[in-house]
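Input: a single structure, listed below in structure tokens.
Which chain is which? They are A, B and C, in the order written, and residues in each are numbered from 1.
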Amino acid sequence: MSGARRIGEVVLSVQDVSLSFGGVRALQEVSFDVREHEVRAIIGPNGAGKSSMLNVLNGVYHPQKGTIRFRGQEFADMESHRAAEMGIARTFQNIALFKGMSVLDNIMAGRNLKMRTNLLLQALRIGPALREEIEHREVVERIIDFLEIQAYRKMQVGRLPYGLQKRVDLARALAMEPSVLLLDEPMAGMNLEEKQDMCRFILDVNDQFGTTIVLIEHDMGVVMDISDRVVVLDYGRKIGDGTPDEVRGNQAVIDAYLGVKH
Amino acid sequence: MRKNWPVILLGAVLLTGLVLPLATGASPPGFYIEVLLGGLMAGVLYSLVALGFALIFKASGVFNFAQGAMVLFAALAVARLAERMPLWAAMLLALAIMVVLAWLIERLVLRPLVNQEGVALLMATLGVTYFLDGFGQTVWGSDIYSIELGIAKEPVMVLEKLFQGGILVNKEDFVAAVVAAALVLGLALFFQKTATGRALRAVADDHQAAQSVGIPLNRIWVIVWSVAGLVALVAGVIWGSKLGVQFSLSQVALKALPVVILGGFTSVTGAVIGGLIIGVGEKMAEVFLSPILVKTFDLAGGGIENWFAYVLALLFLLVRPEGLFGEKHIDRV
Amino acid sequence: MLYRENGQFKSTYSSDQQMLPILQDRVLMGALLVAAFVAVPLLISDYVFLSLLIPFLILTLAAIGLNLLVGYCGQISIGHAAFMAVGAYAAYNLSQRIPQLNFLVVLVLAGLIAAAAGILFGLPSLRIKGLYLAVATLAAQFFMDWLFARVKWFTNYSPSGSVSPPAIELFGWVIDSPPEKYVFLLGVLVVFTLLAKNLVRAHIGREWMAMRDMDVAAEVIGIRPVYAKLTAFAVSSFYVGVAGALWGFVHLGSWEPLAFNLNLSLNLLFMIIIGGMGSLLGSYFGAAFIVALPILLNQVPAWLGMPISTEMASHLEFMIFGALIVLFLIVEPHGLARLWAIGKEKLRLWPFPH
């Protein structure tokens, strides 16, 4: 694991974020920060509000209270496409891929923010429009190589097995060249080998591109191995925050996982 | 809550428009009341068709574009059968036919499409409409037929002492209103008080959850569509006796779409209130607004009522998509 | 074994991305174009042009337009003939009031005006979708029906309410015979198909498809829903507006406002359902089917010795349409285009079973 020297300043933080759906309180006054280049894990029992937290971080849900700070700018309400424009990308627990498109097209869709030619040029497919298609295709092919999915690039994503779909989801997020990558249970439903592959990919992304990673994960082994710091949520509240070792020894965390009433 | 002002604004504009002809004295009060009543009666008829929509949507989440064609089919059946047998027998037989039709539609069209999204179902019911149109006319013929309900068709003059010249009221329309009210009441009780009604509401909320507690989905759907068939029959008979049974009936039934938008797709009350609003709004707009527009813009005739309902629905969709009585939809990711 | 890609390797991205990557496809397309442009005008009778080919070409253009909106971007519209009307009346007024304009310019301007109308009536799609949007598009349909019937300016104050523009004249070439009309329309259609294909392969096409498949995820990767939906409405209405102008000028010759009614809108929708949503080829198939069916229904029973009345034929048409819509939605939601693609797959393997 690379040393703490590479970890930079706070790049993303939430203060006192509260989120409710009707009567259900998903998050209650949660605050934590994320430093540049680090791998931050969010863990907690089921229903703790982890996915909701991620959704708040990139603007899919709007919290009733609290603020989000990204690179010094403060937001109470952020549209998810604004978050994307600012450099936050994510993957989904249930793989929100575009089922009607091929793997290649899905990942190319991730390049969308960088493609700027106007409608007319696209319709004529000349000059800048044509060059753009080829340039971005090259970038996407490098990502495909990186995630080792070359054989599937022309297939419709709906036909791929679950593990490969998750990789395409990751590829699409990477195509956005994000500075912060939010991963929602990237290893759910995978066997040991697939998990090892995915771990390797995530660490490589963090190493080679310096991308800050925030991930939700249930596998404690993975969390302890790859994360720099960990946030623990339970029933929508933060009950632990620190390095993996600190959190492992935290009594409140142990109680939450063992189901001790509090 | 802070987003409520567009709704209030829209309501205010509509109310102003409603009261204006009377307030400015542009029309004699008797005439105004007549137009109002005419609108209410038309509204009742729209409500009847919209009820069918709302029922099916409430119970199965299917937007039954074919409701209009079902109304026409039912009306045709009654009209033609009544040529050979007494009216009550014709209606019973037609009801049986409608129930069978409902079962067929559920079996052949809905069940295979149960997992598709709403738009696919909409288009399927569109297909059913076309099929029923052609089939109905093949079986029953395409002339204009009439349904004789035995109610006097001549309008009656009432309240001559209160308003100068009195007000013309149509007996037929009055009966229609009463029947519609009775139907609505019956349905409301059915949904709220009976076990089947509860099951229907459960199904409307979440198919899978309802199935998992043992509610027989398919049987429920057949019940719902049969009830919708009944409603279509009543609507068809009333419309048919008023307008004559002809092809344009299914076009008229199309107007019920804006009604459910105003009222809320899942609300029986909404279908009624929405129908009344549309009926009154349309008539008022046509009688009082059209002449103004024709004069100001030198138009070749009126006809606002052809689009008034839809534009009103459009405005409602922008400010209050769930309608007056519908349920708000929360999308969870 | 004829239809194999063996030996056809692509060494550049641009060759991989070309429209017809398989050599056999390119050969076929070339032959088809030659046949369409050269052989057909020489060999086909006027009747076939007027009753089949000319309506087919124009309706395919309209179907492509609607397909871009519904099939590629996932926004439903059941009142799209309203924009055909806008295009037709715009073209009429432009050609009448500014006669010096070249007809191609008139077409493009008419398309742009239709596009503007499309954006206006597409605004509701920013807040509502699915069934609700469908009903909103009906508002466009009925409003336009009324507008062109009542506002006399549009029909140049014609007393009967109908308009009859003269034959199209392009750089001195008067297009009034059926083969001439056919060649003109074919040229327009080929160009527009090419443009549509390019759009669909470019990033706007992927934006549209992303909005269709999962709009929440689309937003998350940075697609702005407003831009995607409104461009879909705009481009779609442009195509449909041009088609409307051509429908009025070339096919109908003269028309009244109800020429672009709900029935036409629903027919367009049926074309793309049966032909295949999200497929340009499907638009061709669907249009061909809708144009051919009434003719078949009129002729075939007579051939078989069982003539049926025109009324009966029209009822049958309705029944067959309706039944086919339901059938396709259940069995093959991707329409004839998918069946065609499956056929091609089998052809690639032929004579081997797999």
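Details
Everything below uses one rule, namely that contacts are C-beta pairs under 8 Å (C-beta built on N, C-alpha and C of every residue); 3 or more make two chains touch, one makes a residue touch a chain.
As the structure is a prediction and not an experimental result, all values here were calculated from the model.
Chain-level centrality, scored on Cα centres against the all-protein Cα centre, points to C.
Taking the mean Cα position of each chain as its centre, A sits at the greatest distance from subunit B. The mean-CA centres of subunit B and subunit C are about 33 angstrom from one another, to the nearest whole unit. With centres set at the average Cα position, the gap from subunit A to subunit B is 48 Å. Work out the mean CA point of subunit A and of subunit C, and you get 41 Å between them.
Shown for subunit B are the residues in touch with two or more other chains, namely 333. Within subunit C, contacts with two or more other chains are made by residues 216. Counting partners per residue, subunit A has 60, 92 as the residues that reach two or more other chains.
Those residues of subunit C whose C-beta lies close enough to touch subunit B in the complex are 76, 78, 124, 127-128, 130-132, 134-136, 138-139, 141-143, 145-146, 149-152, 161, 216, 266, 269, 273, 311-312, 314-326, 329-330, 333.
Here subunit B touches subunit C in the complex through residues 63, 108-109, 112-113, 116-120, 122-124, 126-135, 137-138, 142, 254, 257-258, 261, 265, 294, 297-304, 306-307, 310-311, 313-314, 317-318, 321, 331, 333, going by the rule given at the top.
Residues of subunit C touching subunit A in their complex: 13-14, 17, 195-196, 198-199, 201-204, 206-207, 209-210, 212-214, 216-225, 231, 235, 278.
Only residues 58, 60, 79-81, 83-85, 89-90, 92, 96-101, 105, 108-113, 115, 117, 119, 122-125, 129-130, 132-134, 137-138, 141, 172-173, 176 of subunit A touch subunit C when the two sit together in their complex.
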